[in-house]
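Just passing along the structure, written as structure tokens.
For clarity, chains are labelled A, B, C, D, E and F in written order, and residue numbers in each chain start from 1.
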Amino acid sequence: MIDPLSRWTSYGEKPDYAGPLTFGGVPYTQDPADLRDADVAIIGAPVDDLVSDRPGTRFAPRAIRSASCPSGANLETKVDAFAELRVLDFGDAPVVPADPVRSHAAIEETVGQALSAGTVPVILGGDHSITEANVRACAATHGPVGLVHFDTHTDTGSKVFGVEMSHGTIMRRLVEEGRVDPERYVQIGLRGYWPGEEEFSWQARRGITSLFMHEVRDLGIREVVGRAVVAVGAGPVFLTVDIDVLDPAFAPGTGTPEPGGMTTAELLWAAREVARRCEVIGADLVEVIPTGVGSADVTSLAADRIVREILGGLALHRKQSQDRKEEQR
Amino acid sequence: MIDPLSRWTSYGEKPDYAGPLTFGGVPYTQDPADLRDADVAIIGAPVDDLVSDRPGTRFAPRAIRSASCPSGANLETKVDAFAELRVLDFGDAPVVPADPVRSHAAIEETVGQALSAGTVPVILGGDHSITEANVRACAATHGPVGLVHFDTHTDTGSKVFGVEMSHGTIMRRLVEEGRVDPERYVQIGLRGYWPGEEEFSWQARRGITSLFMHEVRDLGIREVVGRAVVAVGAGPVFLTVDIDVLDPAFAPGTGTPEPGGMTTAELLWAAREVARRCEVIGADLVEVIPTGVGSADVTSLAADRIVREILGGLALHRKQSQDRKEEQR
Amino acid sequence: MIDPLSRWTSYGEKPDYAGPLTFGGVPYTQDPADLRDADVAIIGAPVDDLVSDRPGTRFAPRAIRSASCPSGANLETKVDAFAELRVLDFGDAPVVPADPVRSHAAIEETVGQALSAGTVPVILGGDHSITEANVRACAATHGPVGLVHFDTHTDTGSKVFGVEMSHGTIMRRLVEEGRVDPERYVQIGLRGYWPGEEEFSWQARRGITSLFMHEVRDLGIREVVGRAVVAVGAGPVFLTVDIDVLDPAFAPGTGTPEPGGMTTAELLWAAREVARRCEVIGADLVEVIPTGVGSADVTSLAADRIVREILGGLALHRKQSQDRKEEQR
Amino acid sequence: MIDPLSRWTSYGEKPDYAGPLTFGGVPYTQDPADLRDADVAIIGAPVDDLVSDRPGTRFAPRAIRSASCPSGANLETKVDAFAELRVLDFGDAPVVPADPVRSHAAIEETVGQALSAGTVPVILGGDHSITEANVRACAATHGPVGLVHFDTHTDTGSKVFGVEMSHGTIMRRLVEEGRVDPERYVQIGLRGYWPGEEEFSWQARRGITSLFMHEVRDLGIREVVGRAVVAVGAGPVFLTVDIDVLDPAFAPGTGTPEPGGMTTAELLWAAREVARRCEVIGADLVEVIPTGVGSADVTSLAADRIVREILGGLALHRKQSQDRKEEQR
Amino acid sequence: MIDPLSRWTSYGEKPDYAGPLTFGGVPYTQDPADLRDADVAIIGAPVDDLVSDRPGTRFAPRAIRSASCPSGANLETKVDAFAELRVLDFGDAPVVPADPVRSHAAIEETVGQALSAGTVPVILGGDHSITEANVRACAATHGPVGLVHFDTHTDTGSKVFGVEMSHGTIMRRLVEEGRVDPERYVQIGLRGYWPGEEEFSWQARRGITSLFMHEVRDLGIREVVGRAVVAVGAGPVFLTVDIDVLDPAFAPGTGTPEPGGMTTAELLWAAREVARRCEVIGADLVEVIPTGVGSADVTSLAADRIVREILGGLALHRKQSQDRKEEQR
Amino acid sequence: MIDPLSRWTSYGEKPDYAGPLTFGGVPYTQDPADLRDADVAIIGAPVDDLVSDRPGTRFAPRAIRSASCPSGANLETKVDAFAELRVLDFGDAPVVPADPVRSHAAIEETVGQALSAGTVPVILGGDHSITEANVRACAATHGPVGLVHFDTHTDTGSKVFGVEMSHGTIMRRLVEEGRVDPERYVQIGLRGYWPGEEEFSWQARRGITSLFMHEVRDLGIREVVGRAVVAVGAGPVFLTVDIDVLDPAFAPGTGTPEPGGMTTAELLWAAREVARRCEVIGADLVEVIPTGVGSADVTSLAADRIVREILGGLALHRKQSQDRKEEQR
């Protein structure tokens, strides 16, 4: 295990751009044994083989770590996720370029190691296809999961551009394989021109809940997230955030951007809120294509903060559980 | 005529980045005869000779086509413009670099061919000066038109930086030539520091309606567009969208950007709404300066989607007319 | 003194990209004597020695001037600051690279010259550390000042990354030196993960007012600015705007960006409102890192407009004072 | 068939940035029948599924066409390839994203159509893996071919990063499948740190000729190309140019750049010389990752010129053959 | 007159990025009277109305000044041009956007003022069309001039893309108007595919000397420049440098780049050598399109250094003349 | 210690963009004890406080590691430095932003740890000021060292822009402190306009050898390096490479670029040759300002390769010594 802070004399002196590259400056390990005392394992999944338009997300795990800021309490919630939770950077899954099958197996295995150690895995993509591996590993541990899915697109095609194994088909596969419970599956932020009738009627038949971007516009993000939390209900939940749910103004670095999307203010709150209120047992953040250095890459920066707010939500969730338990005594 | 889809075995397999470059992957023709069965003709006007600040819009028609996504129903309206309307890409007007007079004549002629064939011409600029050519052609066919004009600037100077033939004088020229009916002319999104008293008092004398960005802020986009639709009333309408009506966060690639502008969510809805409710007989989208490749160029991407929503509004307009006719029977 | 307009035959013919580089095309002087008839002195402070993350703001004074548009009345307020106030560009303070002590002394002296001449100095940073020099000069003239501070961060650390002289410690130093009256010190737009409990409790003990970004979200910018104006009350006020109070979508060019921030529409209004309602005796705009040419650099463009709206507010403030005086007669 | 020049009144008036997007402004067709009278068919192969590092070459065929300049005689050779040869743009092969097997089949079939029509196919990649499809099609028509291969890397791995189907293994596959005659296979420009002993000894056993970049430095490009032409000898030759043979200064837009490479001056001459002296029956240009608009993308610009010089070499080759025949009479 | 150094306590303390923006930090004046004691007047000509491809050179005069470094002796020649010659920045000509006729008149008049004051004007373009205005002013003072012309293109078209007034026709116009003596006109660095036979035979008939890039390659820059100096002979010479004579690797920021060009090492030496050996009475540097901030914009940086080497050559020329005169005594 | 390869099943499967970020994928340690068996320690020094123009080199150590390619034998020398030498990544020195004194102490201490363990430290800057710390540490171990210094600038000012502690004064300080033996100090690649007579006469008095860029042009890199090796002679040598010795075409990402510089082909050979022939006991590579992601950042890529060639030279040097020893037996 490597602790990035060990060379600096006191906490808070390490600049973000110095020292070993880890998410948020947390310790780094490749040894699953180290995860036993941890609450959260950050995992990189640097792949982009299965995209239908612009590639480049293979560079995202490093870029998100580079844009990452050090620990501290969120000024709104007053909660410091890194103080409440023990977060470790578990490194990247051993992916292989141009071999999505082996890469997905590697991701699934690495996520599985984190789950076996009792941590909540939080995976930095990579394109959205990695969610198939992530959820498979989670379902193997927790059984069929609920899914809260922030995205422009439903990713429930049977094929995308004629291809079955694609970042646009994973949700259908996960539902059909029984790994996601469709009645506990909620999509938030849908807009644009895809998919079509076939996919939506497939979704409707299975009881999947779709919350569109025009509903966010008309009802507000609080109402929409409230509905999502109700729809997903009790039980284990996987939280997946496709960065393209943001408007391209806020996340220009992504492969299939769609104007008319969320603001970061909305998404940061929403991601935290879902993690606070639901029983999140795993999460991922996908589809970032890095375009710059450090925090100058605003998409990677947004991605870092979304992950931090998910961690903040996890910390709040645990606090609430503890408070409730104490009240019950 | 060239059909981009012809080489792919089934619809939806052609990637956006492959095949001949046409708007939205629709068929391409340079033959006016092909337009006879069409509803909409997309036309490129790659010129930027008459700008007062940053040039570069000559590259926009290709960039907007490159950022273009394939057909599909809008997830809010459930209408697929490309299924409801026959849209053809009629190519670029035969412009000549550094000769705005000949280029404008070429644009006017090409738009005129589209009108003669009975289509609604939708022109991809180019700088805003092209609207003079576009509206001339429309007025030659339809008589003086109403004008819905999304923009930061009124473009009603008598001169701009000392020059008469400029992207900032066209609206005055069109009004004074009798091609735009000033009482049916509405401007939406005005802000910043131009023009001044002289221009606004000229506008007031002629009955032009100005809806400012601070009115969008205070009243909401729905109320503002509602007022615009009332002001423009019945009769043929040309819809012109200067991309700089958007905030630079949403459209950084433009020549005279002005902070404090619209979001794409507002403009996409507003452009569609105008096309749905008014009798739009022509439209253009101007002042995009491309800065990147494919959909990574967020300004060109926004431009593509604005045009698509105009097409969506045209499709809804026709549907409503048909529904009304059927009701009347 | 150099007048950029002198070579052009009539006002309004000079393009923004031609002629000597001055803020808004106003006359340029390096002679304090020229300031005597002026109301506002624009001063550049091109330094970035004391930043904790990405440097580059040394290039901002030139970039903001390059993004600058010519005079004209704001379309909302109908007030042309350059017509109401005599604004001169007083050039850059004679800073020295890699020597922050000498550079800060040079800035303080140059700002002092502007104050001695009776102008309101408006300083273009540079990193936020320059506010220490700016406010020192102002307090030497006006006594302890009130402070309206738009920022993501409080900049009230006792050390930042282990360093005392930093862009993150200036506000604490100014308060502790008695140059800022903490009871008349208001922070607006705070968010993210810094600072922590130590700093906030130091602030609380001194009566500093913090208005968070989540309050802007929940209460609206008008309410928040209203509270700020009340808190700062009567007496001389320094207005400091760190461009990172904007969301990175609106101001990507800054050294420590934080998602979830203000829109330019909000900040342009708010900066003008503070200048209109308070007794602003000096102002600065800091932390812009230029990334492009002219107005294509959207962060520098936003910075120019924020400064212009501060000038607009100063003009409105003077008008109101004059109106009130006339009423009293 | 679409002729880009048809709308302009005389040859030479069409700007490079206007009209339908085709290579060099030549006519475009998707109909193999049109190729019968042609000498050269330009084909796009927009794929990048099989790369080991940075992806993005899927955008290259369009970008190279966008950077393309109009016809004209080379100022050194006085030969206008477009006047001597009938060149058509045969469009893109119907590739499918994320499905390299189907995409390669599509490329092979499209190249085969061009060969069946009697043209020399010149393919714009795409990553280097497309050369496998291109040469397969050529070998099906012409039998085992000689290969002149400009590249930093040999691309003769048995696996690259653990993967068999890769842009780094194609040359071994082509040799082992008998489609390339190893004794007529010459590599030019090799440098850097890959491959290793295993690959070079495999090459040596088969009689492949390697000409290293340090030989270009020490002997000059003329001597090196002279040796290459001798080594490849008489018979059909496929010419493949990986843009990364250029130094990154000249071709920054590529996926595995390696400093210390060729200048464009060297490569333009060398590519033309090979085409002039050998019996080139097909060619490709691969591994361009576009990064900008039109000719501002210097890598795509270089790619366009390399292809033009190959065409120039083909024209010179034909002229020489004709001259020789006439002499023999 | 403004002296950028006046605020700094000793020479050499002013950073390049601070103080008023002038070429090389020399004093700035808009008053022709100030030029009387000067040797060289730097003039900006920020126009790009007459280009045939990518525009943007209007931003170059400022960008070249921003990339400019302070005075100092060249390490090869040991001559400090700014110490030997009195150089002033005479500002920009009062151009008007979108009105090339008025802009060219303004440039011609401003250059004329510099000539009347007895200085050598050195003009920073702008596109190459400004050379027409520059040489007209020079010929009005000095009679028909010799011309040394570094460029990829001859710029001797009668029309370019169908247009007479263009950056590609100026040299023909200047010759035909009798302002350039064709027998004393030398072109250096020609390459690519333009112009064609008509232009070259027009050139040949008038005795214009063309030195191609392949001659630079085969003979070396020293031999080529030697031939140029002989061809241009005695008498007044205008030196015009189109930055696109450089390879795009060295000057990516230009509108019609052509691979296979000069290195900066070659051009810096050559420009200085021409100025040292010929009787240069005026010079310009054109076709830079800025793309970045300060010296990060490598094309503007190269442009600054080319101008400095021209100044260095002028200083050496004067020294040699003085030495010769002293010898003759 | 962390081994990046440990997760991949066989050597060569780890993509460059996956796994922990270390130089060349070598193991990472922060424990000096691990260095005992190592030959070379790579150390990052992410600082840029003391620059006179563009900052940003603080991001270089990570960027160079990101651009780094895996192990392999150089195709010219057939030597794989990583096989011959045990290279470890010793991480970054614990620098503190905006505190150059503490940062330099931290760098000196970290380099000292590497020296104490018996390794050759190879430091990735950072700006050139770090060489002062690096050489101090080396001289403390080895006594006064010889210095081979590739650079545009001599860095021997007594002050730069009025400042003593600067990236432009370090070499004078090192000589005057007796840490560099001036008679064994050679500068290679000098050009441009700095420094002046004072500095060069100081150098001459001390016997420092200056080899200018025009000597590289006239004599060739081999002759120049040959002279350098003779001048530096026997004894311990520190090798420092300022990336700005390269032409900006090859290394655009640096703070004080100067046109007319070396090619990477020249520098890669020269750096290796110095390391092969001299007794190099430490080396650094400085002044890289990263501008992109992974190997798309051509300056960081060049930097990685220069370091690798230094390592290659070290490996060759050791081999030669061993061979010589064996011969002597």
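Convention: a residue touches a chain if its C-beta (ideal position, glycine included) is under 8 Å from a C-beta of that chain, and two chains touch if they have at least 3 such contacts.
In this text, all values refer to a predicted model and were calculated from it rather than measured experimentally.
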| item | value |
| --- | --- |
| Clusters that remain linked by touching, chain A excluded | one piece |
| A-D or B-D, whichever has more C-beta pairs in contact | B-D |
| Superposing rotation of chain B relative to chain F, computed on C-alpha atoms, to nearest 5° | 180 |
| Maximum centroid distance from chain C, chain identifier (CA atoms) | D |
| Farthest chain (mean CA position) relative to chain A | E |
| Where chain D and chain E are represented by their mean Cα positions, the distance between them in whole Å | 38 |
| Length of the line joining the C-alpha centres of chain A and chain E, rounded to whole Å | 56 |
| Touching two or more other chains - residues of chain E | 8-9, 13-15, 17, 52-54, 58-59, 96-97, 161-162, 247, 249, 294 |
| Pairwise touch network: line, ring, star, complete, or other | other |
| All touching chain pairs, where touch follows the definition stated at the start | A-B, A-C, A-D, A-F, B-C, B-D, B-E, C-E, C-F, D-E, D-F, E-F |
| In the complex, chain C residues that touch chain F | 48-56, 58-59, 96-100, 102, 161-163, 165-167 |
| Residue numbers on chain B that touch chain D, as the complex places them | 2, 6-9, 13-15, 17-21, 28, 30, 44, 46, 58-59, 61-63, 66, 91-97, 290-294 |
| Footprint of chain D on chain F - complex, ascending | 8-10, 12-17, 69-76, 80, 247, 249-250, 263-265, 268, 294-296, 298, 301-302, 305, 308 |
| Interface residues, chain F side, partner chain E - complex | 52-54, 161-162, 190-197, 212-214, 217, 247-249, 252, 255-261, 289 |
